[in-house]
Amino acid sequence: MAHHHFTPTTYHQTLAAHETALVVKDGDTVTTSTLDANGFDLNIVFQAADPNPMSGPFFVEGAELGNTLAIDIIKIKMTRVMGWTRQGLAWHVVPAADVRMLPEREKIYWDIAPGQNSITLQSPPPELKNWSIPIVPMIGCFGVAPDGGEAISTATSGRHGGNMDYRRFGEGATAYFPVAVPGALFFLGDVHGAQGDGEIAGTGIETSAEITFKVRVLKTKPITWPRGENETSIFTLGNARPLELALQHATAEMLVWLETDYGLGKIAASHFLGMNVRYDIGNVFNPAYSVACRIEKSALSALK
Amino acid sequence: MAHHHFTPTTYHQTLAAHETALVVKDGDTVTTSTLDANGFDLNIVFQAADPNPMSGPFFVEGAELGNTLAIDIIKIKMTRVMGWTRQGLAWHVVPAADVRMLPEREKIYWDIAPGQNSITLQSPPPELKNWSIPIVPMIGCFGVAPDGGEAISTATSGRHGGNMDYRRFGEGATAYFPVAVPGALFFLGDVHGAQGDGEIAGTGIETSAEITFKVRVLKTKPITWPRGENETSIFTLGNARPLELALQHATAEMLVWLETDYGLGKIAASHFLGMNVRYDIGNVFNPAYSVACRIEKSALSALK
Amino acid sequence: MAHHHFTPTTYHQTLAAHETALVVKDGDTVTTSTLDANGFDLNIVFQAADPNPMSGPFFVEGAELGNTLAIDIIKIKMTRVMGWTRQGLAWHVVPAADVRMLPEREKIYWDIAPGQNSITLQSPPPELKNWSIPIVPMIGCFGVAPDGGEAISTATSGRHGGNMDYRRFGEGATAYFPVAVPGALFFLGDVHGAQGDGEIAGTGIETSAEITFKVRVLKTKPITWPRGENETSIFTLGNARPLELALQHATAEMLVWLETDYGLGKIAASHFLGMNVRYDIGNVFNPAYSVACRIEKSALSALK
Amino acid sequence: MAHHHFTPTTYHQTLAAHETALVVKDGDTVTTSTLDANGFDLNIVFQAADPNPMSGPFFVEGAELGNTLAIDIIKIKMTRVMGWTRQGLAWHVVPAADVRMLPEREKIYWDIAPGQNSITLQSPPPELKNWSIPIVPMIGCFGVAPDGGEAISTATSGRHGGNMDYRRFGEGATAYFPVAVPGALFFLGDVHGAQGDGEIAGTGIETSAEITFKVRVLKTKPITWPRGENETSIFTLGNARPLELALQHATAEMLVWLETDYGLGKIAASHFLGMNVRYDIGNVFNPAYSVACRIEKSALSALK
């Protein structure tokens, strides 16, 4: 099981069957760099057009249609001390009658101090002059080539993953994607130094990064939507508009997971979910919204 | 500041300017009983028609239009050992194409064991025969008389509160409602012994209860939507369909709260929320859905 | 079958079991006056608070729970020469990103010339200085007392009817409402001199009127949502948010109608609707939107 | 200005920058054949996988980014006597609670009789044994290559057009598409012999066809969403979920059109639309729904 150090030379604004950047084997680990959402690298040099230029694709040997690609996110390292967001909330996260009260969405810069694990505004308004937040890095956009020959913009998301902007896709998490083409063709990028729910500012702390991940090919029952887990939870992602449809896809996928891996029939699963389900809103900003249907592992342990 | 023990004799299926059941003063506490969602009392005797028959209204002296009524939920005591739900998930929490896979929604009974703090299915499917959940009681439906002379069904919710089914309205939480009529006219009922997010089974563990609460009248800046707080969070509730509109109302109300009580202008608030906001889905079942916009107090403390 | 001339002395801002204004019999006709949406009468004198103060309720003898109340709209007569709208479109009928481009929503006045059957702006912008539209009067808000003891604001709509703002409820049309309380308790008001689809300006040409209508009690199979017909079409109304839910309710009600009155089973109805259905958007402005599922009578005649 | 007779040899399931099938000039006309939605030709021989395999792309010389491609639909000729639909309505066009009442969605065959201009069910249920509908052919799916390097499935639609399934795109209509790549790359297919609003059966009368169209390149102000016109109306299309967002896009595009071509400022346009707008629901079935914002030319003539 090899460890690859890979430096991208081309980037992609769609998830599609693009030319392979690197061939890896089931079980390999990769360390690679990612640009920020606007295509700037660790030296703040422009490398590729937005939205969310992707590193990859990584062709995973043995990954076939119907398999599941597991990506263990081992490390997300900040590679520069500047991140950016936009001020003001996305205009559609308040009622239409309130849109005019929101400020213009100017670009804002933040200082990232990895040693102190903190992020601070470069030019804070007075109310926030002593305010900082911890670095909690996450991958905003990653996934596999979709089926049907589509090339789907990295601005949005779908069954193939993509721009889900879900904060639980951080270090220590594993993401699962349905393989739709030979080799899966895995892409990643758009790292955020931190982000709240819903990505309601339209961005997280957008920055460049170095990511180390492990690829695994699972020959288990096919999955339909992205899944994930971390130390404390398992979760499924529905990516769609409106929010309710995203929630519906995530819930249906969790019903399948509970049946396949936990042996719960539909009735048992309804009792279990009715009392234990947690919903997270990954983003309510992108063309497709992302809702996670999540179960805490402590609740799952009560099933034994 | 008096403590009232109040035994309801009439119940209401709408929140409206009904005849006062008890007059209380600012600062008083009340202990009263509530029926389950179908109108059965602690002896499982039918007392009032569904949906969610309410105890009250409590006329709070000094509460005027534009004030805020604070309800401190001091204690929610289980008063019987039986609770019920419905099996199968609500049909609209999966995509339409999956509705036929869901089981029929039969009524299901649970044993509530307060001494052991546990709830178990009376006739569990085999997969769940060793499964129990802790009692985490919450108030499903409570609020004040709405404005405009409306009488709003306890099946739904709005700016006046109502059937929000949000699990963080439990013991130790405070709820805030906008006062729309003299005396506020506070109603409560529909206690759940436990419930996941979204009330996706269409119910929590529906049961009778005895609730002790304190009423306070706040003469501060008027609020528009229900708010709440508990030991760890502050939150606002938007009650509407679709989910996105509920989220929008909750977000706009939080912007006001951050400005009024935490001194954050719109730009500062957008930075703060963009990194710290949490969204909870109270219910995605009732005619109006409920979304909470929530901030952890630990994040607020970083503002100092 | 009597003809009543009724002059309202009180008006209502909710549809509810208010005190009867006039008792009428099955088959009677009534001529009564209505205020404009802001409560001004034919002399532009303020009479009642908004929204949409209603004339009525009319208690219809013999109307029982489960019956259908038919209202034949015989005549809608303009009673003053001034109507008003608001300029600018409702802010939520364009994407959030475009809201700031819309003008402020100031009140605008129009001249209604019944003799010439025309409506013209009092102070038109230059582009519209020669522009006029025909008078095509319609009833914006009408319906019956809802069930469950609710008192529902005339700002919104539901199964009981209410503020549907559907332009096909004009002269010559018949509206059908599900009777939920003894006597049905029929209310009406909010006449528009003209209006496009969706009420996207937030108003029609708001004005006072004199309406002549006939009441009929149908002891046929209960209906669930408002229905209507005119010379060329039959239609059902779904009143809800989001638009898709309104469409779903209207479609399901039409399926029932096609089965009950036209003998079409579900499969035949699906073939027929798939080729013939027309959808109209009554309003996309009020708290509940209104979508009509409509069938042209020429299409129905092909069934014979 | 040449007339091309073009016989496709390859078909596409995405709208994208595929290899040019035929180069045409501004003003040329083309007659070509199209497969049905499942990929069967005039002889009911399978030629290409679904969904909606497209003929094309046609590279239009001189069409540049920012131009508008006008497609005049001159003729849609039925090329076989069999069309198909699916019985039962799409499951999401009724409320979730009613889904179980809908029949299974089996494939159903129809006889198309061009000489008699009629379409009849091959095996009608008894209620429909004398029922026929006229042939009113339309193009279900057509459009241009999208921007951003995307390859978008012909199952859905967007700013580039695609699977809009709008019945007014019939003979005599002109469609306008925003050119996003050199040559525009125009695709077409998925002809329906007839269809109601919303495509609520999930299909129209799906069949093969021969289409004659003229291409024109307009160097006028760029458009953002597809537009169209026929003898009686002009219209804009918004393609998105939910329905409300589709309506918003269509409305915003119409505001631009009224300003650009009819000289109406935002205030004048709001008056005009408020009284004259018509909304049509193209489809409420595909991944993106299509809503048309439409103005009758008779209303436009009142502007002069």
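We call the chains A, B, C and D, going by the order they appear; numbering starts again at 1 in every chain.
Criterion: contacts are C-beta pairs under 8 Å (C-beta built on N, C-alpha and C of every residue); 3 or more make two chains touch, one makes a residue touch a chain.
All of these numbers come straight from a predicted model, not from anything done at the bench.
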Task: Find out how few touching-chain steps suffice to connect chain A with chain D.
output: 1
- line: Looking at Cα centroids only, farthest away from chain B lies chain D
Field: For chain C paired with chain D, centre-to-centre distance based on mean C-alpha positions, whole Å
entry: 33
Message: Averaging over Cα atoms per chain, report the distance between chain B and chain C in Å.
response: 35
Field: Centre-of-Cα separation between chain D and chain B, whole angstrom
entry: 47
- request: Would you give the residues of chain B that are in contact with at least 2 other chains, written as numbers and ranges?
  value: 92, 95, 242, 245
Query: In their shared complex, at which residues does chain B touch chain D?
result: 90-92, 95-97, 99-100, 242
Message: For a test of understanding, state which residues of chain C touch chain D in their complex under the given definition.
response: 85, 87-89, 92-95, 98, 101-103, 108, 121, 124-125, 127-128, 130-133, 194-201, 203-205, 242-245, 247-249, 251-252, 255, 262-268, 270-281, 284, 302-304
Query: Can you list the chain D residues touching chain A in their complex?
result: 13-14, 16, 148-153, 155, 240-242, 245
